[in-house]
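Think of it as A, B and C in the order they're written, each chain with its own count starting at 1.
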C-alpha cells in the first residue's frame, strides 16, 4: 500500500467532496435535459461514481467502493436534493462549481492512479486508469443524456490533459521512489491549477491537420 | 443463501418469462428503429440480460448467469423470432406486453436484491443493485438505440419507483429477519401493482422546482 | 489451454495489427465528428480494445489484457498519430483499411472464442463472446460518438454474421475435438472472406416482416 496523502478520515472527507461536486454537474445536466427527479438522481450517481466504478471493475476490486461505502452512495443523493430545490441558485454559482469540479479532477486522477498501482497494475496502466477515474463519470453522464461526450469535443476547454498530467506525475514519482505526501499533493495541485488555467484562457486541443480539405464541418 | 420464493425449477421458469418479455420490448424498439434482424437480436439480448449482467459484474459473480445458463441466452432469440415474423400482432397486444413487463420488473427487482445480498453486499447496495437489475437492461437498450433513456424522461410513467419500492421491501424484510416466501411474493406483487397503477393513472415524477425561470424547455 | 494457431510472438504481432486497424477506424470517425486530438485517441483506444475489455470482464480475466500489455495500449496511440497528421491520405486508402478491418474481424472472433473457452465458458457462450470481442469495440465507438451503432443498422453490409460464422466454426471444432492450427486458420479466413464478400456484393440482413404496415420509416 502506498502511503496516503492524508489520514484515512481526511482522505474520505476529501473523496466525498469530490463526489459531491461531480454529482452536482450530473444533476445540473439532468435538469437542463428536463429529466424528472429520478433521472436527476441517476445522472448524479453515475457522474460521481462512474469513473471509480470503471476503475474498480478493471482492477478486480469488486464489489466497487461505490457499493460498499454508504457515504459514496448517499452523497450524490444529497446533491440531487440541492439541485432539485435550488438549481437556479446553483446555476448562478456555476463558476464556483467548476472550481470545485477542477479540484475533484485533481484529486480523483491522483487517487485513481495510486489505487490501480496498489492493485498491481503497471505504471502506464495505472496512469490511464487514474485519468479514467477522473473523467469516466462525465463520459457516462453525457452518454446517458444522449449527448456527444464533452470530453471528446474540440470546442471545450482542456479537461483530460490536466488529469493526464496529474496521473503521470504520480507514476513518475512511484517510478523514482519519490511518492511522498508532498509530491502527491503537488500532483493534485498541478492538475487542479492546469484545469483552472485551461478554463481561464480557453485552452483547447488541436483537431486533425488538413481537416477541411476532405471532411465537412459538423 | 436466502430462502427461495419458489423451488429452483419454478424460479428458473419465472426468470425465463421475465427475460422473454424484456426481450420483446427490446425487439420492438429495434423494429421501430428499422434495425435488421441481427440488430433486433442484439437489442433483445441486451434488454433482457443487461441489468443482470451489470449486477453480476458488480458483485463479482463472473462469468455472469447470462453466459452460463443457455436458456437465458436462447430466450431472447426466441423473442427475436416472434417479433421478426409477427411484430404487427405483437404491437397490437402492446398492452398485454406491458403487463408482462411490469411482472418482469417486480420479479427482477426482488431476485436482483436477494442475489446481491447473497454475495455479501450491504442492504442499501443490495436494494440499489436489485433496482439496477430491473431497469438496467432498458437503459442499455435505449443507449444502443441512440435515444434518451426512457427511465430518465419526465414524460414517462413511473418505472423506477415500483422497482425501488420492491427492492426496499426485500431489504427491510432481511433487516427484520422477516424474509419468507410470503413476504418475498408480497414485494414482487407490490412492485408489479404499483407499475400497473402508474401506467393506468399516468403517475409521473416531478421535475426540478423553478425550472422555467432559468432553463429552456427541450 | 487450447493450442495456439501461431507461436506466441507471431500471435502477438497479429493481435497488434488487428488492434491497429480497428484503432484507425475509430480515429477516422473521430476526425469526421470533429473531435480534438484527445477525442481521436480515446475513440481509437475504445474501438481497438473495447471488445476485448468486455470479454475479459465477463470471463473474469482482470486486469484485462488491454491494461497489462503495453503494446495493446500504445498501438492505438500510434494509429492516432497517423490519422492526426495524414487522415486525408488514410481516407483515400479507406478500401485498404476496410480489408484490414475484415482481417481484424476474422482474427478477433476466433481468438476471443478460444480465450473464453480457455476460461471455462460453454460453447455457446464462448462463441457469443468471440463475436462480441470482434464487434464490441465498434459498438462502443459509435455509442461514444453519439451515433446509432453501425452494427445494428439495416443499411450496412453484414458485419456480425462473418464473426458469428467464424466463432461458430471454432466451437464446432472444439466440440468435435478438431481444433488444429489448420482449422483455426480456416475459421479466420472464412470470417475474413465472408466480410469481404459482404462488402463487395452489399449483402445485408433482412428487416422485420410487414414493417411498413404499422411502423413509420425513419
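By our rule, contacts are C-beta pairs under 8 Å (C-beta built on N, C-alpha and C of every residue); 3 or more make two chains touch, one makes a residue touch a chain.
As the structure is a prediction and not an experimental result, all values here were calculated from the model.
In a homomeric contact, the two copies may use the same or different surfaces; for subunit A and subunit B, under half of the interface residue numbers are shared, pointing to different surfaces. The angle of the rotation carrying subunit A onto subunit C, fitted on C-alpha atoms and rounded to the nearest 5, is 120°.
Note on chain placement: the centre of subunit A and the centre of subunit B lie 29 Å apart, centres being C-alpha means.
Across the assembly, subunit A contributes residues 57, 143, 146 that each touch 2 or more other chains. If you check the complex, the residues on subunit A that touch subunit C are 57-60, 119-122, 124-125, 128-129, 139, 143, 146-149, 151-154, 160-161, 204-211, 213-215, 217-218. Put simply, subunit C touches subunit A in their complex at residues 30-40, 42-43, 53, 57, 62-64, 67-68, 70, 73, 83-85, 87-88, 91, 143-146.
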